[in-house]
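Shared between the two complexes below is chain A, which pairs with chain B and chain C, respectively.
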Partner chain A sequence: MALLSGGLSFLVTIATIGCIYGLLTLGLNVHYGYTGLLNFGHVAFFAAGAYTSAIVTMPPPSTVTNASYEIWFNLPMPFGFPVSLAAAAVVGGLLAFLIGLTSVRLGTHYLAIATFALAGVFSDVLVNEAWLTNGSFGMNSVPKPARAMLSADAWQLAYLGFAVATLAGTYLVLTRLMDAPFGRLLKGVRESEPAAKTLGKDANVVKLKSFVIGGMIAGLAGGIYAHYLGSVVTAQFVPHVTFTVWAAMLLGGAASNTGAVAGAFLVVAFEESTRFITTLYNWIQSVLPEVLSGILPALFGPLPNNPSFIPSMRFVVIGILFVLVVRYRPEGLFGDPAEIDALGEED
Partner chain B sequence: MVLDNLLQTVVFGLIEGSVIAVGAVGLTLSYGVTRFINFAYGEFLTYGAYLTVFLAAGLFGSSLPLPVAAVVAIVLVGLLGVAVSRVFFEPISQRGALPLLITSIGVSFILRNMLQGWVGVSAKQLPVPLMRRQDYFGLVRLTDLELGVIVVGVVTMLAIHLLLQRTMLGKRMRATSGNRSLAEVAGIDTTNVVRQTWFISAAAGALSGVLYAVLFSPFRPVVGFEYLIVIFAATLLGGIGRPYGAMLGALFIGLAMNFGSTYLSANYTRAYAFLILVGVLLVRPEGIRGGEF
Partner chain C sequence: MTGNSPTEDSPAGNGTDDSQDLLEVDGIVKSFGGLVAVDGVSFGVEEASITGLIGPNGAGKSTLFNCIGGVYQPDDGEIRLDGEPIQGRSPTEISRRGLGRTFQTPETFRGMTVRENMAFAAKNQTGERALGALLRPGTVREEEAAVQERVDETLDFLELDHLADDYASGLSGGQRKLLELGRVLMLDPEIILLDEPVAGVNPSLTDDLLARLRELNDRGRTILFIEHDMDVVMENCDRVVVMHNGQTLASGPPEIVQEDERVVEAYLGGYD
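Take a look at the complex of A and B:
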């Protein structure tokens, strides 16, 4: 069977990454959208899940080049796959529990900084504790479940199917949960902590629960990511991930699960498609008639010619997205303005 | 020997504490009048360091001597701070802390990646000479540059102290910080005060970036963003919005980081800063120094 043709294969990749970011955004939305918790360290839960999946499924170090990790469980595929994902979610939740224990009771700014910094510390741990994580070289032999039974294309599609199903399942569970009394409790704490306390609810416990739920979803996303790429490297888990997820949530609309998923797909599609800008440029240049061929180089000539220019501009656009959404459309594409008003009432 | 090592670590802690203190005071001053934590603050450090390198290498035709280049860079970054405030923050200043905070993340992305797109990710270095450490009192050893960093740090702290206590601007800043609408009623042009504070805050950030670059060359466009955690730690430790607290917090964090990397493991420098902070927050959520400034 031929490989999926270029465009289609690209769409499948975007869709799979989109599902993974969709999960991450749903998780963050539980924190910020529904509970009002400023979590700027979301990438830590994602990384915790990805590394957990890698550790429980990596083959013995003797069979891997450049291995320095000392803990591995080598769970067989495909039956170890659900176990690995469950472990990823549990560890993501556990990390959220630990970080939350120290920080959820802090006020807005303190919480934002505490989560941001704890995620930085966590990433230092990932880089330095090579016995656990293989250091900055990364874990590059994470098995792809059922890869041996399927052709390359069939596997890509099957994995996409699995990612979509997980995203849909999580979406449904969260939607039910947010309509349930527990969801109203989260929003209650978001809107008025004193009121929740008056009704006999322990706001800190509620926040901690919210933190753990979001962390578990992010951990699950990490597990799916690890088995999709087959490798887990510290350089994948930088603060940019956290803020990409934030951009997705703000664009889609905080406190809207539909918005979270839509925002994630839009942001991922944008980020992934910018890598074709050079191809597009060359194509336009090649079809332009001779007379006009000087226009594009004249227009873009003054731009710096370094390889990080386009990737950097991608993040400039993400930054502008933050600014514009907050200023002109705080409810995002699918959010409810009333919910955002409630979010704004801090201190 | 043990004592020498201990003293030397204390001195290194003081040196890095000076760098942190300049940055933390700048951050905390802007918090005082704007009431939000500026995640774009790290970019002021980065721009300070990079502009100094470029000016010293002849960005405007002739290359400036390093100290002149640093001063010009600091002033330019101060103006950048005012511009950033006018373009991004003033239009939404009535909407509360949260939109401002989130906007500042966007601003940090814009500034950092504009620079990175322009200059690339390769590391840059200030043209400072490599120096030999000299003995002082037969106890500690440090280079003239390190000594200079401490002096600049102390002078800056003194200048900020005099600014706040002895000048009209300082009084207006304190009034605006204490109660903005009351200051307004008293006839203070608070919009102007906020802009002046942005200038001072961004300039202090740039100075901190230059000091950092003097001590720890080479650096990349992410330098300020990565150091932001450390500055946050000092700021929070002192209680946000409290300049004297930030100075104290910075010394504490500088010492903690250097003691940690000397006696425990050099891989976790940032982690020490942070673990101390979390420890303090658990006991005293308002930081080590209460009260208004």
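Take a look at the complex of A and C:
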């Protein structure tokens, strides 16, 4: 069977990454959209899940080059796969519990700083505790479940199917939760903690629960990510991931699960499309009449040939998206303007 | 130390037995840095009464409310609800013990509908626990139906029913006060504390709101409210507590308190 042709293969990759970011965004939406928690350390829960899946499924260090990790469980595929994902979700939730326990009672902006800092600390731990994480080399032999049974293309498609199913399942569970009185409880705490408390609800416990649920979903996303790429490296888990997820949630619309998923796919597609900028540039150059061909190089000069141009464009794209959404459509694509109106305001 | 010692020497002293009061405030002191906002206030609120708490601006009324509701920890003194000390406990726990309160500036859930605001306050909801919501949909549905029925009844009673599906952010100031009261009613508390329930409410709505309060009182609810408008207090309260400079100046039936010289001097503007 031939490899999926260029364009199709690219779409399958984007869709799979889109599902993973969809999960991350659903998790952050529980935190911010429903509970009003300014979590700027979301990538830490994602990383915790990815590393957990890697640690429970990596083969013995003796079979891997550059291995310095001392803990591995080598769970056999495919049956170890669900165990690995469950462990990823549990560890993501556990990390959220620990961070939440110390910081969830902080007011909104202080929580943002605390979570951002704690995510930074966690990232340093991942780099430095090489006995557990293999340090900056990363864990590069994470098994891809059922890969041996399928061709490369079939596996790509099957894994996409699995990612879609997981995303859909999580979406359904969350929708049920948020339509139930539980969702109302989260929203009330988001709107006014003093009122929630005087109405007999324990706001700190509610916030902690929300933090753990969102952390579990991000951890699950990490597990799916680890088994998809087959490799987990600290450089993947940078604050940029957190901000991409924020952009996705705001674009889709805070407090909307549909918006979270739609926003994630749009932002991932948007980001990935930046890699075509060079192609687009060359194409325009090739179709421009001879007399005009000097214009683009004069305007953009050496930029597109600079190796850091494309990666840095991603930051620009996300930044612009952030500003445009917040300025012109604060409720995003699927958010409710009346609900978002008061979100994030104090007093 | 008895709850009404500062009032015994006043002509308005009520002389009722403290042990029968639903809420007892006993020598409460609260200071912020060098400012003593509440300085040994004592009074009792009889069960099934409407009690008005009055006093000039800065007398410490709202601070006292926040001490009773658990927002502030009093520096000294005791607050008893149904004989049980509650001072220093969290607002959550005090609410669960049967004390419902509103705020001077309404704390409605602006990004939620009136209906959601009301239903939020219902107690013991299985669906408020994540696992309960996921695993016991039948129970959650039944409970929710009962909650929504009570929401409808209460909104009817407060004449807010036509706004049930509006967002609270779109309500007027007076409607927000009513919504806050409605939320407290959903709690079904033993005693309701209202901080200026009619301030900023237009006159026709004020009369409505006061009529609702009296109706609630007729149904046996105990109400303690802060109010500036003397007429409102005199016409609607069974008992009045007057605070001045963080202390109880007088307490008793409105017609007696009204005659108290110190009250007239401190609060009603002295002799012209």
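The rule is short, and it goes like this: the second predicted complex is superposed on the first by the 330 of 347 C-alpha atoms of A that agree within 3 Å, B and C clash if a C-alpha of one lies under 4 Å from a C-alpha of the other, contacts with A are read in each partner's own complex, and residues count from 1 in each chain.
Basically, a residue touches a chain if its C-beta (ideal position, glycine included) is under 8 Å from a C-beta of that chain, and two chains touch if they have at least 3 such contacts.
Everything numeric here is computed off the predicted structure, so don't read it as measured data.
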**OP:** Return fit or clash for chain B versus chain C, each positioned on chain A through the superposition.
**Re:** fit
**OP:** Scan A:Ala260 for contacts with chain B and chain C and give back first, second, both or neither.
**Re:** neither
**OP:** Using the touch definition from the top, say if A:Ser192 reaches chain B (first), chain C (second), both or neither.
**Re:** second
Subject >> Touched partner set for A:Gly200, first chain B, second chain C, both or neither >> reply: second
Original post:
After lining up the shared chain so the two structures overlap, which partner does A:Pro330 touch, if you call chain B first and chain C second: first, second, both or neither?
Top reply: first
Original post:
For A:Glu339, is the partner it touches chain B (first), chain C (second), both, or none of the two (neither)?
Top reply: second
Original post:
Which partner, once the models are overlaid, touches more of chain A's residues, chain C or chain B?
Top reply: B
**OP:** Examine A:Tyr110 and indicate which partner it touches, taking first as chain B and second as chain C; both and neither are also allowed.
**Re:** first
Original post:
When the two structures are overlaid on chain A, which partner does A:Pro181 contact: first (chain B), second (chain C), both, or neither?
Top reply: second
**OP:** Could you say whether A:Leu28 touches chain B, chain C, both of them, or neither, answering first, second, both or neither?
**Re:** neither
**OP:** Give me, in Å and rounded to a whole number, the least C-alpha distance separating chain B from chain C in the superposition.
**Re:** 11
Original post:
Intersection of chain A residues contacting chain B with those contacting chain C?
Top reply: 343
Original post:
Residues of chain B touching chain A in their complex?
Top reply: 36-37, 88, 91-92, 95-99, 101-103, 105-110, 112-114, 116-121, 225-226, 229, 232-233, 236, 240, 265, 267-268, 270-271, 274-275, 277-278, 281-282, 285
Original post:
Considering the complex alone, what residue numbers of chain A touch chain B?
Top reply: 38, 40, 102-103, 106-110, 112-114, 116-118, 120-121, 124-125, 127-128, 239, 243, 246, 250, 304, 306-310, 312-316, 318-323, 326-327, 330, 343-347
Original post:
Can you list the chain A residues touching chain C in their complex?
Top reply: 173, 176-177, 180-182, 184-185, 187-188, 190-192, 194-203, 209, 213, 338-343
Original post:
Which bits of chain C are touching chain A when the two form their complex?
Top reply: 69, 71, 90-92, 95-96, 100-101, 103, 107-112, 116-117, 119-123, 125-130, 132-134, 137, 140, 143-144, 147, 167, 169-170, 180, 183-184, 187
